[in-house]
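Just below sit the structures, each encoded as structure tokens.
Two complexes, one shared chain (chain A), two partners (chain B, chain C).
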Partner chain A sequence: MAEQVIPTKKMPPGLQVENVDDRIMTLNVGPQHPGSGHMRIIVKIDGDYIVDADPDPGYVHRGEEKMAESRNYITNIPHLERPVIHDSCNILYPYVLGVEDLVGIEVPERAKYVRVIAAELNRCIYIQYWLAIYGIFLGHSTMFMWPAGDRELLIDLMEKITGARVTHAYFIPGGVRNDVPANFEDVCLRQVNYFEKRIKEYADIFYDNPILKARTEDTGVLSREDAIRLGTTGSVLRASGVDYDLRIKEPYDVYDELDVHTNVLKAGDSYARSKIPWLDMLESCNIIRQALEKMPKSGSIRTKLKPNPKGREDEVYRRVESGRGSAGCHIISRGKPEPYRLKLSVSSFRNLIALPYLLKGEKLGNMPAVYWSLNYWPVEADR
Partner chain B sequence: MGTATGIIKALNSGIKHLAVKRFTLRYPEQKLKFVGDGYQFDPASGVAIAGLKGRHMLFHDHCTGCQLCSIACEGVAEAIAMVKVPDKWGQNAKSIMPQIDYGKCVFCGLCVDACPFYALYMSNDYELSSFTKEGLIYTPAQLQVKPQVQQDSELIIDKRGARHG
Partner chain C sequence: MLKELVTPQNANVFVGKLGDILYKAVDQPLGMAINWGRMWSLWPVHIETACCSVEFGAASSPRYDVERFGIIEAFGSLRQCDLVVVQGTITRKMAPRLRLVYDQMPEPKYVIAMGACAITGGLYFDSYNVLPGIDGILPVDVYVPGCPPRPETLIQGCMLLQEKIKRMKAR
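Our next item is the complex of A and B:
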């Protein structure tokens, strides 16, 4: 009997020579397949059941954090929003808040409201995109078309405010770059109201659809204790019954003046995780309407910043509630125009940690339903 | 029973949309209307004016060749190069003006924010595709041309839904 050769060199995951089992098969999902995004899930299956799953992110690592060390606080803005272009305001928000702390400037009241409106619009834009992909993952092509179309309503609004449809580069330390156009309040209210009416129609076709429920309920159940223990954030945490939203727990800008409600579901399964973002969108519409009402009608929107601002010697950590969960930014400044070190703490990566636990024991066909319900964005996790 | 009514409700929700007007913008025939003439910056107040961040507009009679736009672009895209221009302008002693490579530009508008002389704006022109890489490099003479745009389609929301018209 020939002796088994065990390689001594450690190979990358998925490439090692493994003990061959008659029953267990290793399957690489991704990294090119659109069903996984730019990442790979190495799943071991026994027949149709997953016995082990190993997510392998890192294919779209861009070195955003290292790049930030050689650019000044303003020129960092366009590239720091690239990790999640669909949610570019929210991913930039903690950075801008952090730089404001370091440079020591006050933000005008009107700018804070404009920021909240832009951030909430952007949250809806991101969730619509995410929902469209979730729909097509489950083979529900209407749910791909509807969010992708209704998303245009809000993209048009963002384009009116910021001048760009996807990557806005709108927030700047000290406020926002330009004021909203004239007559914006009416246009925004009209479009947001119609948008809300539209997304309420998703209930009939998607969320109350018994076929979808049969597919997603009781798949990938994450208990409350596990959700806290694994460090998940955002919609994943709230779908497991933990009432934690940074807009309420650590209010930034004017969220403490607005009436914000969190949506919490107890089930912790894929269905609950897919429903929470939808409820968040309805809540965002409420927040936008409140902010439009309370926003000062005129006033400054940007505190003037020196051309090449230097941060004081300190470090700062700020976080916000993005479309996926908590997005944090840790900046260490050594008194130079560039940050000494910048670290983005993103929710996608934290939520991914739950994936191996959720997939164990599931059928392979349920993998997309579980994987995408984690509100995961591969580019954000790799940064 | 619940399953049957659920499926009928879902189907009904889709069928209702047969009567709803098409929301899609039929692009080359219809073009979306934007606010204003494009993204502009007012150095006096330090605040920009909302507008689409499209192709740049360069005003030769204002440009002093100070290279601030090029410096602003250094950390972002390095799309702006300062090149010699043949004509002489009083305010531009070195006769250099920005040339923009739209293969690199990310349309963030930080160059417009950097210009203190009202010389660089962004226009509503976003149709910049070209068959060659060289075709994407716009010289100061090309940037001077005011774009001819026919953008008049607006979003209409009524009882029958939203559409472009």
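Our next item is the complex of A and C:
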């Protein structure tokens, strides 16, 4: 057979057409695809079955870690929350905890509770967006409209507290940026109760839907051993039957004073992975209610820092449970106002590692359901 | 006589001239109608380049409902689209792909630069992997500022684009 003719026009690197086998076809999915996210998956398919999948992240690599080295500890805050703008409190949390360790300041009790409430609200906002896109991926338009609409309730609430819709930059070393509004407790309780009532209805329209079950059950099964071996975190790990939640295992701030439960499912398929975040949201509502009850009604919300605070010569690693899994931040300080090296260890990238293993042997039509069920946000993975 | 003038060699020229004459005759009266059609059915490409896509998603959510302005949330092919909303940061890896997507779209096509990153590089002005604005690779029609812009701002940007299309010469 003659050699395969490759288009002569010079294409950008990575876009060349590969030699095609008699049986195996290479298919480029993305970076422009009708789901969400600038993500390219190079899949090799045999008929309708995926033989090999190779995710190609890095389309939004913006060099956050390098940039952090030339900015001081306070001016680092706005750009470090940009990887996950709709989960900005949780992605900032490990950085703020780390800087507090380095600079050596105590956080007021009230600020700790406000942080927990803000982080849990943000987790709900994140998961609602994730769920909306999951609906899109499965062609379930109602499941885009419902979470995207209900999400606005909590965004309103966060806007009242922080002044911004999504990029809050609310957590700063030493506490939070500004105090909550006057009647915050009542408004928050009312909103959260209504929100909980709303999300319980998702079970009827989405999770008990036989079409969804048919599409997601027994697809992309990740066994308990593989989940641990591949280093997945968060909802993916818990959907495979591993009870691991940093809010319980390594409690930070006031999580040890609150009654936190984790949700664990044993199946490890796409359905379980899509259900765990929803259960997490219900749990978040419980945590917010507890925190509102226990929160000191008055007091300081921030310990004042010196301008341009210097960290001591040390290195710290702190991690928290974000909406996607454990988000960590490793800071090396050399006694300067800027970090010497900053490393974000993000859960999206760890969960992505499992994707090639999950896709092998799946049908091509199941790829979106498996891909997005990994609780993955491309911008975070690329940093 | 026509048979002598039109030879197989220059047939294309005559057809082209005829087209031009027809175009001129039709353009003036129909231009407004064509523009009216274009401005109320803008199909954006579903390309999400960075985090501004969260607010783009929110703009098509029930509260903001961008569809009432004729901006349709697209799930279709590139060949049907006529609007690129560049949602945020363009990195060196993404830039050739964005241009490729733009080149594949049929004329007429419009570009909205959404967010500070797409306009000037924004927060990442000193990053080694981020383009300082997309002007270098795409002709931008409307700039929507913000980091990220609120959905209202995006909708206002779309309305500005519609205003622009309305006053454009239909080609």
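Criterion: the second predicted complex is superposed on the first by the 361 of 383 C-alpha atoms of A that agree within 3 Å, B and C clash if a C-alpha of one lies under 4 Å from a C-alpha of the other, contacts with A are read in each partner's own complex, and residues count from 1 in each chain.
Methods note: a residue touches a chain if its C-beta (ideal position, glycine included) is under 8 Å from a C-beta of that chain, and two chains touch if they have at least 3 such contacts.
Only a predicted model underlies this, so the values are computations on that prediction, with no experimental measurement involved.
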Which of chain B and chain C A:152 touches, first, second, both or neither: both
Touching partner for A:75 - first (chain B), second (chain C), both, neither: first
Which of chain B and chain C A:85 touches, first, second, both or neither: second
First (chain B), second (chain C), both or neither touched by A:62: second
Touching partner for A:226 - first (chain B), second (chain C), both, neither: neither
Chain B versus chain C as contact partner of A:109, first or second or both or neither: neither
Contacts of A:211 with chain B and chain C, given as first, second, both or neither: first
Which superposed partner A:179 touches (first chain B, second chain C, both, neither): first
Touched partner set for A:167, first chain B, second chain C, both or neither: both
Chain B and chain C contact sites that coincide on chain A, given as residue numbers: 70, 78-79, 149, 152, 167
Residues of chain C defined as touching chain A within the complex: 45-51, 53-55, 57-58, 60-63, 74-76, 78, 89, 91, 93-94, 96-97, 100-101, 123-124, 126-130, 147-148, 150
List of chain B residues in touch with chain A within their complex: 2-3, 6-7, 9-10, 12-14, 23-25, 32, 34-36, 38-39, 46-53, 72, 74-77, 106-110, 113, 122, 155, 157, 162
Sites on chain A touched by chain C in the complex: 12, 15, 31-38, 58-63, 66-67, 70, 78-79, 82-86, 129, 132-133, 136, 144-145, 148-149, 151-152, 165-167, 379
In the complex with chain B, residue positions of chain A that touch it: 70-72, 74-79, 142, 149, 152-153, 156, 159-164, 167, 169, 177-181, 190-191, 194, 201, 204-206, 208-211, 213, 300-302, 304
